Amino acid sequence: MATEPIVTIRNLTKVYAQGEIQVTALHEVSLDIAAGEFMTLMGPSGSGKSTLLHIIAGIDRPTRGECHVQGVDVARLNETELADWRNQNVGFVFQTFNLIPVLTAFENVELPLLLTQLGRKERRRQVAAALDLVGLADRMHHLPKQLSGGQEQRVAIARALVTDPNLIVADEPTGNLDAHSAEDVLRALQALRRDAGKTVIMVTHDPKAAAFGSRSVHLEKGELTNA
Amino acid sequence: MTIPAFIIKNALRNKRRAALSILSVAVSLFLLVTLQVALRELTLPPEDVGAALRVAVRNKISLANLLPARQLPIIERIPGVESVTPFTWFGGKYKNEEGMTFAQFAMDAKKLRKVFGEAKMSEEEYVAFENQRNACIIGRITAEKYRLKRGDRITLESTVYPVTMDFQIVGIYSGTVDDRNMLFHQEYLDEASGLPGMVGMWWMKVTSAEAMPKVIQRINDTFANTSAEVRAESERAFQLSFISMWGNIRILVTSVSSVVVFTLVLVSASTMSMAIRERFRELAILKALGFRRRELFAFILAESFGLAAVGGLIGIGSAYLLYTYGDISKLTSGVFVVFEVTPRILAFASLVAASLGILASLLPSLAAARMSVVEGLKTLD
Amino acid sequence: MALPLKYNFRNVFVRWRATLATVTGIALVVAVFVLVQSLAVGLEKASQNTGDPRNVMVARKGSTAESSSQVTREQSRNILYLPEIARDARGRPLVSADVVILVNLPRRDGTGEANVTVRGVTPMGMDLRPQVTLTHGRWFNPGRREAVVSQKVARRFAHCDVGGRIRTGGTELTIVGWMDGDNSAFDSEVWMDADEARSAFDRDNYSSLLVRVADTNQMAALAKRIESDKRASLRAEPEIAYYSAQTRTAGPIRILGNFLATTMSIGAIFAAMNTMYASVGARTREIGTLRVLGYRRRSVLLGFIIEGVILAGLGGLLGCMLALPMHGYSTGTLSFDSFSEVVFQFRITPWLAAQGVIFAIAVGFLGSLLPAVRAARLPVISALKAV
């Protein structure tokens, strides 16, 4: 397994300015994440876990410092480049699943592929493969409301990996699930790393969930406690 | 905090939605007032002073058929008739205009004031009109439209007679119900057309309102079974017969008005219910806090009614201001002249606005009544 | 890269409760627009559908209506033997001298009276207007006070059934038949014998001449010859052109239609805006998700505009469907050209229906523009923050 870092973070600071009050969500964070890692990010509520994840995924921008993902300084990209970059390089899994209610499982997974040059047949093949990987090949034509929470989240994972990004990030993916469904989801994430060699970064509050990862990092008041 | 303060705060919570609701109500009510006023003007033309004493006589076949001038002395002898003038449609086209843009009538200048009463025009102008063969007077609106003034010469080509005639403007009148027409001498027309002995209509003033029915009867009887049978009627009846010619246009405007009202109710009601749906959560919280149904209804109704009232005020108010203080004949290029927003129309439009406010609150009230607290708290989107 | 259309379609339908009122509102606006314009179209069609390409209409110069035109018998005799004029098998020139009189008749429903055009025609005049056919009864006999009424007029005016009598001035006419003008201006007329009409209504002169040319290339030559007689002061123009120009009544109706459409569309735009803003508000997280997946701002913008357009387009189609049953329905009003009742039909042409839908789409576009901009401006972060 490769050990060179896929994510390099240096002196990253994020300050939210809410009128007069300034909230420092991250303070001078430096961190390397190696390719093929399943890193879990833990810490108390409000410690800046989501913020860090968002910056890595190109959803939010840092106030100061650098964040290189596969050699690209994400903060330097403009809105449009960033959108394309996200599509090709990161898969994002949300706590609230965020499937599009009007689209079937198949169509939800196909959605990011519509942004690529792939033809209909090739898309179909990839969507089927992704759903297969999360064990939902038989639920392709169900709408989100016809799926259980755990199934919805696995569809979301299939959607995150369908464009074959190297990096999968997940923010409390099991936060809204019961223990059994949570395990399904965690196994699916684990399989991604093991079988497809993806790098996975997961935020969680649950030590049991963290046990599925290969490394755990702790944040406290916007600073790393054990990098 | 008081309950009314809470209601106002709530209504303005989504300022954009409140503004859109108010504006759509305003636009619709503006349109409603406009249509009502237009309909009233189309169906009930404004009455001129002295109309109660005036009688119009036309050829029984139709207005387009002429009458023999020899009827004049016969009519003048009928008891109760005070003064009679011919009134002949000239149908002239001015300059290079495609069609007619204002009406011209040939008449007896000396009878002008006797039959039609005093307009706002100086004595000097009246006298000049009576004494000059090719003189004409025009209404203020037409004068302004073509920038005409006293002393100007104008040329009109008739679409009815095979003539083109020159006139000199000796007076500009105003203060009548329709300050657009042009008047000139019947003798001048007879001379120019080479067809003396025929006039368009007779208009007369009778001595009293009581004499009117008798005069009308006498005139109709006198010319029955002659080569030119006539129809004499009061000025009002004559105007109304004109309106009857519009045919189904009236029904059209009426049905359009109803469609507008319906659309308005529909759109505003949906907007309002959307607003309420948006805060189902709050309503559920209120319910959980112990507010009763009746209070929730009052709450929804007050908000809905308030939005409708403000929208109505803006829409009706702006229509009122525009049509009362704006120059409507200029705006509609002469199609409408008076465009009076009557108290009746104002009341009707306000009533529509008020019912709208009530109606729009029905649907959300129903939903709010049925909503359980748990369900409401769960409603996230 | 655009979002798939099915996504937009399903979103419109999934919120049908919220969109129904807006769709119906837009539908009603479009229906009003289409109906009012279809009146104008019907009026124009009725006059444009009149005339034969080989006929020339001769009337007094300066007169705008046939009823106010005069052609003397001498003038008519002079024209009769002009060389350009066609002749029938027996060598008679194909010329008809008509008398047109406006007659005030009571309406059938008792709502008052209106002017109706009575045309005195010669047998030749009937041959020159093959559009007109008899549908009930028989044609009038020359020398008798008989008339044939267009069936569309008959349905609108009292005493116009076959066998009925209409009284006008000192004259009484017996209705002996109904005719059909094939949706032309003749649908608004009553026909009788020309000479009978002249004596009944005490006319010396004719109102107009209808002339058939032997060769359509000679139309201009004939017109020039007739108009060159300055003393007569007549005007000759192709019958088709004469009738096509009679569209003044349609003008105010058009204006009314446009006024209504403009004002009502402002209301409709507000409604569409409201619906779309609500949709954007409810789907904040969904929009964020799309952005996280890599959709660009302009895809989101376009997506919401497309949804607004679909919404309004549906309203437009519905509006056309609401208006459609009125197609062909016969109605009447005062013609500004002839100063008499013109009977015509609501005409919803494909182009008019298309205009209605385009109009709706414009409403949808304008109504969804601001909400779409708002959707596109939402920060990506909202995918995770919004409830």
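Note that the chains take the letters A, B and C in the order they are written out, and that residue 1 is the start of every chain.
Here is the rule we go by: a contact is a pair of C-beta atoms (placed from the backbone, for glycine too) under 8 Å apart; a residue touches a chain by one contact, two chains touch by 3 or more.
Source: prediction; values computed, not measured.
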Which word fits the touch map of the chains here: line, ring, star, complete or other?
line
Ranked by contacting C-beta pairs, which pair of chains comes out on top?
B-C
Quick one: chain B and chain C, Cα centre-to-centre, how many Å?
25
Report the inter-centroid distance (CA atoms only) between chain A and chain B in whole Å.
68
Please work out the Cα centroid separation of chain A and chain C, and write it as a whole number of Å.
64
Touching two or more other chains in chain A are residues none
Going by the touch rule set out above, which residues of chain C reach two or more other chains?
285
Residues of chain A touching chain C in their complex?
50, 54, 57, 59-60, 79-80, 83-88, 92, 94-96, 98, 100-103, 107, 111-112, 114-115, 159, 163, 171
Considering the complex alone, what residue numbers of chain C touch chain B?
18, 20-22, 24-25, 28-29, 31-32, 36, 39, 60-65, 67-68, 70, 101-104, 107, 111-115, 168-171, 201-202, 233, 248, 252, 255-256, 260, 263-264, 266-268, 270-271, 273-275, 277-278, 281-283, 285, 331-334, 336, 339-341, 387
In the complex, chain B touches chain C at residues 16-17, 20-21, 23-24, 27-28, 30-31, 34, 59-65, 91, 93, 99, 157-160, 162, 164, 225-229, 231, 240-241, 243-249, 252-253, 256, 259-260, 262-264, 266-267, 269-271, 274, 278, 335, 380-381
Which residues of chain C touch chain A in their complex?
1, 3-4, 6-7, 10-11, 14, 285-286, 288-297, 380-381, 383-384
